[in-house]
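You will see chain A twice below: alongside chain B first, and alongside chain C after that.
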Partner chain A sequence: MSPVRAADSQPLGRRRARAAFRAGAGILPFGIYITVFLAVPAVAVMVGAFRSPSGHWTWQNISIATHGVYAHGFVMSIELSLLTSVVPGVLGVVVANAVLTSRGRVLRRIVSSASGVFAQFGGVPLAFLFIATLGTTGLVTDWMKALGFDPWNHGFDLYTFFGVALVYTYFQLPLMVLVITPALEGLRPAWREAASGLGARSWGYWRHVGGPVLFPSFLGGVLLLFATSLSAYATAEVLTSGSIPLTSIQIGSFLNGNVIAGQQNVGKALGLGLMVVIAVVMVLYGMVQRRASRWSR
Partner chain B sequence: MKVRLRAALAGVVALAVGGALAVGGALTGFGPPSAGAAVNPSKATSAAAFGGMAGLVKAAKKEGTLNVIALPADWANYGTIINDFEKKYGITVNSENPDGTSAQEVTTVSAEKGQSRAPDVLDLSTSFAVAAAADGLLAPYKVASWNEIPTAAKNLNGDWYDDYGGFVSIGYNSNVVKGAPTSFKDLLKPIYKDQVALAGNPTLSGSAFAAVYAAALANGGSFGDIEPGITYFHKLAAEGNFVPVTGSESTVESGQTPIVIWWDYLEESQVAHQFPGWKVVIPSDGHYAAYYSQAISASAPHPAAARLWEEYLYSTTGQNLWLQGSARPIELASLVKDGTVDKKAYAALPAGPKGTITFPTVAQTTAAENLVAQGWASAIGG
Partner chain C sequence: MVALGEVDALFDPGDAVARPPRAWAAGRLRSIAWWRGIVLVCTGAFFLIPLFAALRFSLESFSGALTFSAFTAIPTQPGFTAALSLSIHLAVVTTLITLGLMVPTAVYVHLRLPRLRPIFDGITILPIVIPPVVLIVGVLQVAPTSLKGTPYLLALVYVVLAMPFVYRSVDAGLRAIDLKTLVEASRSLGGRWPSTVWRVIVPNLRTGILSATVLTVALVLGEFTMASLDLYQTLPVWIYNFFLSGNGHVSTAVSLLALVVTWLVLLVISSFDLRRIRRMAQARRDA
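Presenting the complex of A and B:
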């Protein structure tokens, strides 16, 4: 009997199980990774959020996390994340499209490499970069002053909500360019030609062809930006010293500080809050996504 | 007679030797861990358990390593202190996460428990030391100069003990800042527009929190009432003088924060070295001092080296090294009294208030922390 026939003679169920195992083995490393770095910490945060420092079950942490400055923190965090995901998201599509439709191959390469670098730039160095250029004594501010225009005397302030949003745009815009470029490349020139052959102008093409095709990818990109903003920490901390209540910074004050001792579980309750925010956004995203991509089925 | 005398002498000698042996035997009872005598260094609460300093040094050298955590080389004088300790005892110091916070130290002790790389010794904000002691994470130990540490500055069981500290101070770049500020009240003047920063967010940074406390004391508040401090910073922000950037050597360099309110010793060790024009004054209207606490981890993998480290920090040499880093050692008063103080370093300290230093209680601090956590953002935001 040849080995092939031996395999053939096995009962169907066992063969299926084997195939399933072989298919599963491929994603096993990923499964382990997700368990160790996502599931376990998430469960630890969820459990911790309902524990008192002495280890009893309690609602106290949730109560603190949903009142006063911490409730305000959630509102500010969501507002900041919305602003710094939608605006750089739209701008990112415009920039990526402009670069893609330009003839210069060198320009494309430069933009995609530069986006890769800038999208990863953040933390304390990024905050300092802005302080040194656009702070009250920054280099660019000094140049503008020399030209007779001091932006700080005309309503500009780097250390406010909008200042932080501006700084976030520095890494959010390139991030959007990176994630939306493949989708834009998927728009076939033939579609455009067909549309214009049928008499569509640029707006008509985007309204009826490009937009709907791109929309699901656009939403995915914006969701990624939203999550990035929601979890950003060090940049805002250095720029504002806590003058803008953001949940990520507040979590830091419980888990990572030199001042508030023994209340780590309130930090975990705030973390649970962020998980809920992301979950809600994901559900909304899923609903919109299903509607948006209905035509493609 | 001669013979008899000899016999008698022999007897006396025998007695003497026997007695000496007996005494010696009695000594070894609580003496150094010679073969068989079990001294558990993890349980030792003073050098006497090792039969004195020599025994402790021997046990520590045998371990050969000390794990420290969250000790930046440019913080107070830690760089020199660590090098000096390594050289003096031939013990390698492993420094983990030098820029870490007290919260991270405590987390690391729990997370690395049982591993050879776990931290042996901790340098904590006092509120974290209190919390860690309550959780049973610290091993009690009393250094030789235990009685020189003021009662208010130590856990009486020996779980933690304050070591070095300083005052909230105003540091400023005298090349840029017009008119030397000497008080919190001064900083409200319009000439300091866009110039005054804290070294962090008072809900995260110990020095920024202390600055709010000092401002409270300067404005009619007390250890039990930090509210006037929050109001003060609200006023400072409303005047446009407060820059909400985290002040550091680099923001001073860029010119964004020519005035930084910080611990006096950090102004010296982290800013003044790069900027010769940097001046440090303790505000005349608000005096707030705090000391960092030392402690030994209950699960220290090198328990003898950990204990030797504490003895070293609280020796005259160690205490004077703090002084050379512009920090105030906890035993400063007795160093001055004994005449063992490093006079040059002592004279270089910014002038502080006369009389004894007072501290808030743990309960007062906790209440103040919660008030600042709730009120800070709305006080200076917008």
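Presenting the complex of A and C:
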């Protein structure tokens, strides 16, 4: 490059930098807000995970967080999230397909708005709904007792792992319906007709056409449900009063002051653990999304 | 960053455009009808029975007779009005900050930095990645004591929680209009920036802003995790504490009311959308 050109490009570069700076100024308030209320707290948790209460660097918190009751919490959280993402995920596809292939427009409108509400529905009210339904004196429990079968005497307990999983289905299933409906709408009727013209029955169509096309979207939806389940707190807390060891509830109990001296920062190590699990899930999600977008093109 | 196209469906309160599926074969349709019926009935039962159970439970008196006393008693319960008022205050403050922050930012990105849009899609989805319970741990760690002493710290954090929903609503609204032409027209007619924003952009984004508002309000009114860990009695926290002190009937009644109100508001919004879509379709037919 000749010196003359270099001298020429200098002011241009500076002008560009200034223009870029000015353009950036418009998003500055947003950037500051995100930094202060999202990035700084997240970093504080990550750093705190490696700090002793007296302010020294340590692996102690990580070590405590990955052993004993806390390791059990991670396993339980991941198991619960897997169960409540795969089962409602599959059911969500079935329900969405049943709704989409039905003729009633009214039904579709109702399901669409109801899914929106139920997917947002969670926390305290949801727990009450199920206590009134399947609690020891709940409505359905009473019905079953009247039929001579008390579920609570046959190993059922709403306030345990499977009870919580059942309750989570109440918002996970609608979430899946919302997420998978656009993908199901993308299945062209012509494909179905072509498959059936080639002699495929319903199973053959889903095995060779519908399934493979839908799969990336399905997996993406399941991963989203997984992340939702993993970070859920209120429903499990209200339902079980913290009696089943889920990581999110254990983190909450550190804030509630149930802390052994010297372990104040273990909660942050647990938080870091949750972020790592979700980050792994999101990377998977991103990979799946890239595959899914290849199909829609 | 991760492209979360599918998540968009969550933030769209309007119904999906109904497209009647073609009947591929009459015989197949009939054979499908019975399993579809079973699926729909089972799903309906799963979602409606708990609602019915909660309704019956809240209408039941201790003697077993049906009464509305749990509902009529709500306003006079100790702490209820304070909790409701705190929740409403937080909802208003959160909504104002959220709209004031996100609408100008989204407009600016669309007008000036369209190439950054994928990055913004990514950044605004981040709050979904960080669980609220982890975020509040970090916030309480770094917040200065003066902020920790006020419930409005919660509003400031709720803005972050609401961000994915709000950004997507506003972004969808911006995508649906020809923002650049509108702004250029307004500017060439001599409109200054404030009047362009207030009289041209905002009215055109009405639906997006409205649905963003509803989602934010619903989120704040239902948020339990952060409020309970920050030890403030918002409505959900009050409901839970009231339940713990042995008032299950009233707590369930309040929960049901909250659910019904949320649903009604969402229905109003989606019918508002629908009317607009119908009017647009009418205009197109007339043209």
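Basically, the second predicted complex is superposed on the first by the 230 of 297 C-alpha atoms of A that agree within 3 Å, B and C clash if a C-alpha of one lies under 4 Å from a C-alpha of the other, contacts with A are read in each partner's own complex, and residues count from 1 in each chain.
We take it that a contact is a pair of C-beta atoms (placed from the backbone, for glycine too) under 8 Å apart; a residue touches a chain by one contact, two chains touch by 3 or more.
Keep in mind the model is a prediction, meaning the values are calculated, not measured.
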{"item": "Which partner, chain B or chain C, touches more chain A residues", "value": "C"}
{"item": "Which of chain B and chain C A:A146 touches, first, second, both or neither", "value": "neither"}
{"item": "First, second, both or neither for A:F128, with chain B first and chain C second", "value": "both"}
{"item": "Which superposed partner A:G252 touches (first chain B, second chain C, both, neither)", "value": "both"}
{"item": "First (chain B), second (chain C), both or neither touched by A:L239", "value": "first"}
{"item": "Touched partner set for A:G138, first chain B, second chain C, both or neither", "value": "both"}
{"item": "Doubly contacted chain A residues - partners chain C and chain B", "value": "128, 131-132, 138, 237-238, 252, 255-256"}
{"item": "Residue numbers on chain B that touch chain A, as the complex places them", "value": "101-104, 107, 125, 127-128, 130-131, 134, 194, 197-198, 200-206, 208-209, 237, 243-246, 250-251, 254-256, 369, 372-378, 380-382"}
{"item": "Parts of chain A lying in touch with chain C, wherever the complex brings them together", "value": "23, 26-27, 29-30, 33-34, 37-38, 40-45, 48, 94-95, 98-103, 105, 107-109, 112-114, 116-125, 128-133, 138-140, 169-170, 173, 175, 178-179, 181-183, 185, 189, 192-193, 196, 202, 217, 220-221, 224, 227, 230-231, 233-234, 237-238, 248, 251-252, 254-256, 267-268, 271, 274-275, 278-279, 282-283, 285-286, 289-290, 293"}
{"item": "In the complex, chain A residues that touch chain B", "value": "68-69, 72-73, 127-128, 131-132, 135-138, 152, 159-160, 237-245, 249-250, 252-253, 255-262, 264"}
{"item": "Chain C - residues contacting chain A, complex", "value": "1-7, 9-10, 12-13, 15-16, 18-22, 24-25, 28, 32, 35-36, 39-40, 43, 46-47, 49-54, 56-58, 101-102, 104-105, 108-109, 112-113, 116, 123, 126-142, 156-157, 159-160, 215, 218-219, 222-225, 228-229, 236, 239-240, 243, 248, 251-252, 255-256, 258-259, 262-263, 266-267, 270"}
